[in-house]
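As structure tokens, the structure follows; a few thoughts come after it.
As written, the chains take the letters A, B, C and D, and residue 1 is the first residue of each chain.
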Amino acid sequence: MRTTLDTEWAIAWLQAAADAVAEHRVELSELDRAIGDGDHGENLDRGFSAIAAKLREEAPATPGAAFKLAAMTLMSKVGGAAGPLYGTAFLRAATAVGEATELDPVLLAGALTAARDGVVLRGKAEPGDKTMVDAWTPAVDAAKSAVAAGADVTSVLAAAAAAAEAGATATDPLTARKGRASYLGERSAGHRDPGAASSALILRAAADTA
Amino acid sequence: MRTTLDTEWAIAWLQAAADAVAEHRVELSELDRAIGDGDHGENLDRGFSAIAAKLREEAPATPGAAFKLAAMTLMSKVGGAAGPLYGTAFLRAATAVGEATELDPVLLAGALTAARDGVVLRGKAEPGDKTMVDAWTPAVDAAKSAVAAGADVTSVLAAAAAAAEAGATATDPLTARKGRASYLGERSAGHRDPGAASSALILRAAADTA
Amino acid sequence: MKKLINDPKSVVDESVQGFGLAHADLVSVNPDPLFVTRSGAPVPGKVGLLSGGGSGHEPLHAGYVGIGMLDAAVPGAVFTSPTPDQILPATLAVDSGAGVVHIVKNYTGDVLNFEMAAELAEAEGVQVRTVLVNDDVAVEDSLYTAGRRGVGGTVLVEKIAGAAAERGDGLDAVTEIGRRVNANVRTMGVALAACTVPHAGVPSFELADNEVEIGIGIHGEPGRHRIAMENADSITERLLAPVLADLQLQSGEKVLLFVNGMGGTPLSELYIVYRHAAAVLAEAGLVIERSLVGNYITALEMQGCSISVLRLDDELTALWDAPVNTAALRWGI
Amino acid sequence: MKKLINDPKSVVDESVQGFGLAHADLVSVNPDPLFVTRSGAPVPGKVGLLSGGGSGHEPLHAGYVGIGMLDAAVPGAVFTSPTPDQILPATLAVDSGAGVVHIVKNYTGDVLNFEMAAELAEAEGVQVRTVLVNDDVAVEDSLYTAGRRGVGGTVLVEKIAGAAAERGDGLDAVTEIGRRVNANVRTMGVALAACTVPHAGVPSFELADNEVEIGIGIHGEPGRHRIAMENADSITERLLAPVLADLQLQSGEKVLLFVNGMGGTPLSELYIVYRHAAAVLAEAGLVIERSLVGNYITALEMQGCSISVLRLDDELTALWDAPVNTAALRWGI
């Protein structure tokens, strides 16, 4: 039972996230092609592979520094809706953990909450609008419950990832009310939201590396 | 055995030619699509249906007047290579028959010869260049031979039509050296020349109405 | 997918480089981060005008950089908004001290990235105003969506606000003119065939042989609804009806009629649409004072068109007529 | 086939009508027989410049009617040359007494119809000269074919001869300038996908997913040979090599580089081609003095492009730069 997560984990997470995004690039763009403009996988892959490249050159000193590196890279490389949203998420997470070198369950759940709040602040989406918020919000709720129940960091992330995956799946029947998919109106129902799907992948990478 | 052909025949011929062109419009354009720009059937149909429409309004007084009406209509409606070529052919035929009201075999063969010579003068194609000349030249030769053998007008035209059809078929293996098909070089071999095909149709209409 | 490209990843960079080479008298290209500025920018004392967005809409936006129109264009990846680290330096590069107006098409990605860049620019002491373009009447429930999209009207906003900046209007005045154009222009589009984003490699959507998509955006995203193919006059009426209804034009009003090609439709067809659109407007008693027909804001090789109607007043007409010298729009110079 | 048309038979008439409505300040349309003349033609004392050919190449030719370019354009059916009964009255309409130059693309149909019209015009007392455009190096064996075709160079001939006529050159001088441009320009094209002629309803030819047609003309007719798809830089080199070889340009010579879209290729791709073409010319020591990139002579919605190189001398450059005001090409006014 791990009590805290360190910088090494933060770096491993980002690298695993980059691998997961690369592996699911086509699939994410396919989802976006159905209800958006077909670039979500490409956009995220551009950003996360740049993160992975930077991490091969410089080693951040703290989890917060790793999150900040991710935030800046995502903001400058991704573009589209996802760039500022994920960028803000990682920036808020970085601020939340500050200079800490070890993240305990409370700090970890706090980081996830800050990330989700950043997405909501930027994008103004509410749960049920069929966006990445629908993956992040259940993930945050699950993480908080796990912390309250005394879970360790690994279990906190496992709970968050599972909830994010369920949240992403649950976007299928929804009608989009934010982002490009909203222009489709009811025709957006019956498709998974690409941003929710990528959020689930990224949170699963966090759990797998913990 | 008919000894001469009159204005009524000239009009009937043009109407039958219009019907034949309309019926084979798509087929002629298909031939042109293979080695040209796909408009030959459309071009000719525009011209011949205009001839038919004019003939419903005014009745030419002589075969020559009918040919002249056809010539002017083809020149003004068809465009492309075929318009001036067929236009010149009918104009020369009109000149060749002059004011005659009845065409005997000699005059008829003379009209066909003048038509062919007009096409050659305008287009400067030689036999074997894979153009309508390859239908007209054997047709003229066959008509002349028939006249020399003492055939009547019906047989003269039947001989011309059969020779034109054989001539058109014989363009299949040729490499085009004139017109749009010439740009294809050897790739033009293996396809029938659309202008030769339409010439055969028009001469067949002449024979069928005689 | 067959395209005249070398590598899907280098499409935008190489295309903008080629653009810079072909129009070296008009523009400079900053390769990294990528943006295009008017030669000699910033123009002393002049308000800077900047626009940008996903690539694939050429000639928008780089084609409108030059005298009387934009000072800078910031191209994102194909159909993907540019990032703040492009928008910020471009903004700084065209600020003469008089401030910079961002012309932003209303898409979530564009709005968010420009918003961040504007915040960063303000932090560096540059005054930034934003003109949000949202002229697309295809989006009906703007309350339950990300709002109406910026489409054809963008070109008109850029031209007219550009003329205002060129004649020396201040930051607020240029912003007001830009918003005035946006408030008075409405657009609706149709697609006959989808386009293929280079890195996707497959068409953005599928349309049957006898279907058209009404209310299409400029990103290969599907539109309002699909209908069976109709003739040009019927489609023209379908596009114009919501535009005219929304603008609530009165008989006798003056308008600019803009028939825009989506990239893969022959110009001859755009004029067939223009012909009937002009008849419909005349029927409604409207006076077509100015017109524009051509491929001005495209979606790669998408087949289709959009129709925009802009309500003109004397000032807007004069600004429309003002000299402009850009790669894609030029007159009077 | 999905097109923004009402009826294949009325495509040209309706399109030219729409063109006339959109550009009423520049042109007049004569509906029957169909031709387009410059507003106020004939210009007293000026040599008249007339061109025409099959439709489907828009903006060619009507888009080039106006000050500094053509006095008349005569549109035939799609991809079919116009007829003498159109060309003759158009010629008479733009003759001020100084004579008329016919700019004719070298296709059998065009040559024959213009020849007949010229004979008829001469018979009515109008002096007519013909400039035959045949810049297409794709046609190799010009002795065993109808000769090289007129393609991209046509636009340059029309612009430069138009400027010569506008500055007051006489009939022989304008003809000489036109022929000089033709003698110094060479073009080669490529198609990635065919176009569909409205009345045919099916694509003019079929290309497999990985094939391109090199040496394409502007009529949907197949070209020199088919090759497997290559990247933009390789295709650019393939198009430029015969152009440069044929022009026998020396290092240090000045040229105009013209990358033309066939109608269905995004502008962004044309700039990618331009980028590499400029590099190849620079490598050969040539100086690109002027450039043109866009859809100027098209084949409906064909995907592909052509590259033209024109050897410039000081006079040609000055005439290129001279003011022009037409629907499709405009500067200096």
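Throughout what follows, a contact is a pair of C-beta atoms (placed from the backbone, for glycine too) under 8 Å apart; a residue touches a chain by one contact, two chains touch by 3 or more.
Chain-to-protein mapping (UniProt): A, B = Dihydroxyacetone kinase subunit L; C, D = phosphoenolpyruvate--glycerone phosphotransferase.
Note that the coordinates shown come from a computational prediction; the quantities given were computed from them, not determined experimentally.
Enquirer: Give the fewest steps needed to get from subunit A to subunit D, where each step moves from one chain to a chain it touches.
Expert: The fewest touching-chain steps linking subunit A to subunit D number 2.
Enquirer: Please identify which chain has its centre, taken as the mean of its CA atoms, farthest from the centre of subunit D.
Expert: If we average the C-alpha coordinates per chain, A ends up farthest from subunit D.
Enquirer: Can you work out the whole-Å distance between the CA centroids of subunit B and subunit D?
Expert: 32
Enquirer: Whole-Å distance, subunit B centre to subunit C centre, using C-alpha means?
Expert: It comes to 54 Å between the two C-alpha centres.
Enquirer: Would you kindly tell me how far, in whole Å, the mean C-alpha position of subunit D lies from that of subunit C?
Expert: Their C-alpha centroids are separated by 29 Å.
Enquirer: Which subunit A residues touch at least two other chains?
Expert: Not one residue of subunit A touches more than one other chain, so the list is empty.
Enquirer: Okay, what are all the chain pairs that touch?
Expert: A-C, B-D, C-D
Enquirer: Which stretch or stretches of subunit C touch subunit A in the complex?
Expert: For subunit C paired with subunit A, touching residues are 33, 54, 76-85, 107-109, 112-113, 115-116, 138-141, 144-146, 149, 197, 199-200, 202, 204-205, 217, 219-223.
Enquirer: Taking the complex as given, what residues does subunit A use to touch subunit C?
Expert: The touching residues are 29, 33, 36-39, 42-43, 46, 75-85, 87, 122-123, 176-180, 182-185, 187.
Enquirer: Over in the complex, which subunit D residues touch subunit C? Could you list them?
Expert: Counting only subunit D, the residues touching subunit C are 2-7, 11-12, 14-19, 21-23, 55-56, 58-59, 63, 192-193, 207, 209-210, 212, 229, 231-233, 235, 259, 263-276, 278, 291, 293, 295, 298, 300-301, 303-305, 325, 330-333.
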